[in-house]
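Look at the two complexes coming up: chain A is in both, with chain B in one and chain C in the other.
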Partner chain A sequence: MPEKILALVLMSVISASLLAGCFDAREIDDEVYAISVGVDKGSEGRLRLTIQYPTYTGPGGADSAGGASGNENKKAQSNSLVHTIEAPTMLEAIDMLNTSISRRVSLMHAKWVIFSEEYAREDIAGHIAGLERYNETRPSMSIVVVRGSAEEFIEANESSIGGSLSKSIELLLTQSKFTSLFPMVEFMDFHTAMISSYKCPIALYGGINDFDFENNTTKLDGRKGIIPGETPRSSVSKRELSGMAVFHTGRMIGYLDAYETAAYLMIKGKYRSGMMSVPDKSFSDKNIIFDVHKSRPTKIKAYFKDGKPVIDVTVGLEAEIYAIQSDVKYEKLELTYELEDQIKSFLLDSIKHTIKKSQKELEADIFGFGENMAGNFFTIEEWEAFNWLSQYPDVIINPSLNLKIRRTGTIFQSYEKIDRKEGDKD
Partner chain B sequence: MGKKASSKSIFSWLIYKDPSTSANNADGAAYSGGGGKTGRDSGSGGKTGRDKADSAKANHVNKAGYSSGETTKQSKYKKTKAYHQLGKNLSYIENAFNHPDNKDIVIRRLCIGDGVNAFIFYLDGMSDRNTINQSILRPLLDKSKYNDLGGKNLFDYIYDSVIETHQIEKADTHEKAINDVLTGNTALCIDGYPNYILCETKGFDKRNVDKPQVEGVVKGPQEAYNENLRTNITLVRRILKNKELTTEFFKLGERNNEQIAVLYLKDLANPSLVAEVKRRIRGLVTDLIMSDGVLEHFIEDNPNSIFPTIISTERPDRTVAHLTDGKVAILADGSPFALIVPVTVFDFLNTPEDTTLRWQFGTFLRFVRLFAVFVASLLPGLYVALTTFHREMIPTDLLIAIAQAKENVPFPTLAEVILMELSFELIREAGIRIPGIIGNTIGIIGALILGQAAVQADLVSPVLIIIVAFTGLGNFAIPDFNLAFSMRIMRMIYIFSGAFLGFFGISLALIIMLTFGVSQESFGVPLFSQLAPTTRKSSDLLVRLPIWKQELRPDYADPLDERRQPEISRKWILSNRYRSNKTGGNQK
Partner chain C sequence: MNSEGKIGVFEAISFVSVITVNKIFFTSVGSIISQTGTAAWYTTLISCVVTVVVFMLVYMLLKRFPGKDLAAIFEIVAGRFIGKLLILAISAYCVFNAGSTLREFVEMIKVYNLPYTPTSLIISLFLVASLIISRYGFQAIARLCAICFIPSMAGLVFILLLSANRFNFNLLNPIGGHGLEKTIMFGLSRSSAYNEFLLLAFTVNALEGHRDYKKAALTSILISGVVFSISLLCYLSIYGYTSGSESISGVFELSRSIYFNRYVQRLESVFLFIWVISSVITTTASYYISMLLYCKTFRIKDHLPILLPFAILVYIVAILPQSMQEVTQKNITFLRQYSLYIMYLIPAAILLLAFITRKKGDIADA
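Moving on, here comes the complex of A and B:
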């Protein structure tokens, strides 16, 4: 009897280890973990892949000089390395990198995959599908399209605040929660949208800023115009994100700028919070500054009227007054209502503009209204025959906005401004 | 018989299952005293559980006192009746104790009354000389005492009226006298009478009652057992002032005649449980029972189990808490621990402090301990599995930090973990053995050499030092030493299964361990009962409800009286309500 049990235990242990295998066991430091992956158009029809990974030279890069002088690396930035290689496909390129990198390159911890706009406008569906099947890619990594080259973008990607590159990327991506000037897009969202029949994929839109204030022609009036790389700013890191790239299946067809993206997020009900300045009606040179955030989830009604698809969208927002530059006491109730109407029409214009842009210019259902419309069809075949994505430009979309000013910041009432005589000094 | 069905199922655990497979049991059958039915006997036949219990109860004989008739029969020593002739008795005793080569035995010849020869014998050092002088020798040798025997023969007269010790007994065999003398008593033999008079003269050095060494608490009693059986029983009795508290004695071990005491509350403990405990003890034949630990090996259900199934406690208050749940405590002379049966795995995780503290605090402590069990058993295994198989689960920054720390370490993770675990076990083992006077050295060796220097020399990564230290902390937080020990061994199993098969392997090992665990029994009670099999909902399992809500005793021990207290034990609440109602009424 004991022999039988022993044999059984041995058999199960051996077969379990043979079948399930401890073959994919690998030591943590036998791999390098690419946290940025960039894809550009290479020469001779090849693809140019750039990866960036943190080195193991110790926190703060104390002895990074020794590691950086080796010939494995192309360029050492703080404690990370950037490598570029050309190959027919992404995964093959990653494989080929190991001809020069002494540790296996792993995509387990990739934070973002960056495509150059030039490449994205051709077609990236094949790469996305390839990554989807690969067991190391995380569904939570972001998809970014950059104006210019992905390689330059990655080279400009430095962590200037702390030593950790991965943390700087993770936190940069979450800034969407506070600014709402770019969306949060994960690989899985992109992939499902890419293969779906009721929405179009979107990606983050990035760029490289050359910090040139003189030649920057960006106009910020009317809340239009910011595209990545053209934010008038100067800083350490040249890479920046703003707005979003719009795709039709795997091909980029256009973009929404930062303010249009904010309107997009409002419609999607994903607008967490963001500052906004609205011109004061009484004083053309003065602004009222608001913090706007979501109050209710967006309500979408999709139905057919006279044989035409109609979508009613109700966006729920609330606002908090942060600054009134003039001395008009907008906290008074009747003035608050007026102000509310003003912001409402301002934001509704923005929302309408964005919807119109998606219908007429991009012809892409980036909002996923199709998901609601699909409920009007009994079978998937009927729905697919309807061909929502091609119908989308002609759909009647009626946006409306519920907006309330709920708070006035930390002050209840504006104070009287004291007029100072000329020549008075503090 | 409304609850016949349920009691039957519970009793079916309590009755020993398969007598034919147990060696102990075979001995038990061979050596069980005539008359008293053993648990095994009562298990046969088609009686219901409750009937069996009753029959066991009826046959249960309680004899308090040291020289109960229930001493274990010994295979080597045949019992020989004492002789009428003093000379023959004397030579038998001298022969038995190897006198005069053996200098410990003192044989004192006397001439009492009208020149009747007699002798007393005792073990030097085990007996109290003052008592022998004052209460035995002086009255025996006082001629005036023998003027009037009052019609009795000399033996009975001396038994009744001369000897002044507080306990006295007759023995008609040499062996009984010898065994009694071995415990420190004095035996008297008078010429012409085939009996010995056994006088209580125990008096040997013993340790004082001290603070608990292993089961310390912040709040609660600070008394622990010592090596003296009598003292230990007294400690229990002092807390549990109850006439139903019954102590039965057994002698075990052919060479050392170890005294074993079985304690239980007669009106509470299930008779078939008591019978089972006694049956297992009676059925033991061995030459040396050194301590309760040895006894534990002899009476536990499954000696091959990695899980302990008997609680060993050094605290009288904990013993009493279990006794009042209807369980049985077993104490062995010379060992400062009590064994408690039956127990479940949750009993191992509880300490007396849980009850002393307010219920919120006690419950919190229990969750901390549960976490400790998790850490102590699984943490290194999970670390190995995570770093070798599931690197995608580690947050990127931590992953990079671990990789940076490991960069210069030449060993694979598994070797590193094993190395550190072994050195930790070495520190533990050396810490126990190191002479107290140089005890500080272990701290220096452990902390400096193994911790700091090993990291600086790139032998292990600092993350692993943290893991091992954390695991060690978890292990020490487990209140029961035996359970902590089984966690130490299980940890190794999880490390290897994690190294070979990752989380899948750990899950496999966990399932095997749990399956094994739930199949274990403690005196017939499943080790995980209350959880598997589910019994009545407990108010003291993991979340300890307020003490006044714990109205029923644990189900698994099946005590004779299930109710601990009435549904409303805080009667003053009623009187408060009554009072407020009354005053409210007056105001109206």
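Moving on, here comes the complex of A and C:
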């Protein structure tokens, strides 16, 4: 019996000391968790890497968790630190940062990797492949391309609501669900598309917004989609996401603006919801405001006709009237049908425009129609020999839209407004 | 006495299923997709069907010799000398299987979780666990499998279900993969991946007769086939054939990619649990069967004295490969694609020899 007890104690001691992972032990407090990683073009062929990590300091500035000391930071945000370094590669740059930061930089909680547009237009495939191989990066982090510098974008990235920067980034990224003006793109989606024979990769498109209402010279076209940095707004937060960047393998070749991105999401069947102002047919200066959302998954039929690849796309949406600025009673059934046709034609034009842009301007299958077209081939060899991505610009794509106005907000019939002029006469 | 004890059908099913399905957590997913592309999910079903055919042959052999396990039948049919040689060959294969599986696991856990822990330490700790479990014999291993079987399967199903929002079955196009010929040929050779039902044939007396063996082996082959096929189908429908062939552990990557919201993410810890448990069991099963066969060959009644020597043998096999590439491209490729020449051809040849020599067991032994 004593031998058994001794064996049990010995086993417990050995297990406790060995199984706790003494070689790979890392205290949470021994690391800093980069939540933003930015890549710009550096000097002499190097890249400039910027990282941002939270400092875990309390609201009063108290170093509650023993965060990095103030003299270590290059640029201090309200609740985070930003460091920039130049190095030949991303991972080496992170390693080099460890020579000046007292805690090891970890990418395990990175929320997004941000590339400057200048750098993305050259080729980022090597960096993406490197990150894919690196065990600390999460498949769920986002890939962003920013107009201007990634470093500036990260410097402008601060949490204006609440103290948690990582929560702020996560919530900003999920805004895509409610606005549909930019897509949700995760690292694994980007990497998968980058080496795919079916489609081209896309990334979020962002930028710094320094819009000045006083000195604004930009002409705002009501239906022209917005690109990052050009949204006519003034707010605490300078960074914004709008639209998407389009790639050929690892090289950015163009972008879709916010409205084109909404159309892209509709075609993909990933459009969740979004407000849309459609000009009233009866009054050109008035709008009808809809909340448009997905009703059913997009149906895609891919086939060959006379030897040419053809894609039939049927998008399913439904709309809810939120505001009618004119006096027209669109709630009446016959007028509702008319309005449906109007909004349908408006959205279909947008869809057609986006498809055309992807074919003629970008020459990139961002929709992944190739996945459906591949169903017409039996083997991978036949499919790859067909070379879908180079065929894509000449493919015949027939989009159609099923749209129903289902509801009219909280008002089911508007009351006839009193004509003030007639009243005055009385 | 080196008795295997008695186990039930469920324990037997769990034993074979756990150690067969364990491969889905390793490099098998990537390598089968790189070889067969989009056809991977049904290639494994071809392997499963081939295995069922081989199983029927093994079952015919067992039925011919009632009350005898496969090792005893080898000796009866092929003679004591050749029979013992064949049993020793399979024992050596089991040592190789245990060591290679262990090293594959160690390399993967080093990539993802323990990069700085010495390989030798992880191997040693693993073997200590295997040694302790094996000390209590086959019955203990089978019971451990029965306990872990449902949680392991539930964990796998949990990971696949949580990944369901990413499924895009269009990624299974083109449906033919790299062509029917390549798919069938690879499916045939890959049937080696299902050979664990044979381990049970060496301990068939632990079951209540050959009918129980038939039930257990057949059910576990089918369970393994369905699990492999569904897992590959789900994985392919997320990553496609290009990206899908890259990952060192497809299912682990799948668990890492789960992101529902800020609260439901980073679920790989669930995966780690089932991964470690099933890897311990797989290594232990192979390690134990290798000892058992050695004992049967030399009529050794107690396996306890050879626990340590065999653990050292497994350690040597595990430590020999110099890199991850060597493990996957040599050891694992041999195990998954070429081991059928040992594990399937030997019993088939013995059956043929039994027919030719008209050797049969005694009904009284049943």
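Here is the rule we use: the second predicted complex is superposed on the first by the 375 of 426 C-alpha atoms of A that agree within 3 Å, B and C clash if a C-alpha of one lies under 4 Å from a C-alpha of the other, contacts with A are read in each partner's own complex, and residues count from 1 in each chain.
As a convention for this text, a residue touches a chain if its C-beta (ideal position, glycine included) is under 8 Å from a C-beta of that chain, and two chains touch if they have at least 3 such contacts.
Note that this is a predicted model, so its numbers are computed, not measured.
Q: For A:D24, is the partner it touches chain B (first), chain C (second), both, or none of the two (neither)?
A: The answer is both, since A:D24 touches chain B and chain C.
Q: Does chain B (first) or chain C (second) touch A:G148, or do both, or does neither?
A: Touch partners of A:G148: none, neither chain B nor chain C.
Q: Classify the contacts of A:K167 with the two partner chains as first (chain B alone), second (chain C alone), both, or neither.
A: both
Q: I'd like to know which partner A:P201 touches here: chain B for first, chain C for second, both or neither.
A: Once the two structures are laid over each other on A, A:P201 reaches no partner at all.
Q: Quick one: is A:I380 in contact with chain B, with chain C, with both, or with neither? Answer first, second, both or neither.
A: second
Q: For A:Y56, is the partner it touches chain B (first), chain C (second), both, or none of the two (neither)?
A: first
Q: Determine, under the contact definition given at the top, whether A:G250 touches first (chain B), second (chain C), both, or neither.
A: The answer is neither, since A:G250 touches no partner chain.
Q: Just chain B (first), just chain C (second), both, or neither: which does A:I35 touch?
A: First partner only.
Q: In the overlay, answer first, second, both or neither for which of chain B and chain C A:S106 touches.
A: In the superposed model, A:S106 contacts chain B only, not chain C.
Q: From the superposed pair, tell me which chain A residues show up as contacts to chain B and also as contacts to chain C.
A: 24, 138, 167, 170
Q: Would you pull the chain C residues touching chain A in the complex into a rising list?
A: For chain C paired with chain A, touching residues are 37-38, 111-118, 121, 125, 168, 170-171, 173-179, 239-243, 246, 253, 256-257, 259, 261-262, 265.
Q: Enumerate the contact residues on chain A facing chain C in the complex.
A: Answer in residue numbers: 18-19, 21, 23-24, 132, 135, 138-140, 167, 170, 174, 186, 188, 191-192, 195-198, 368, 371-372, 374-375, 377-383.
Q: Going by the contact rule at the top, pick out the chain B residues touching chain A in the complex.
A: 387-389, 391-392, 396-397, 399-404, 406-407, 412-413, 499-502, 504-505, 508
Q: Quick one: in the complex, what on chain A touches chain B?
A: Of all residues in chain A, those touching chain B are 16-17, 20, 22, 24-29, 31, 33, 35, 54, 56-59, 106, 108-109, 111, 136, 138, 164, 166-167, 170.
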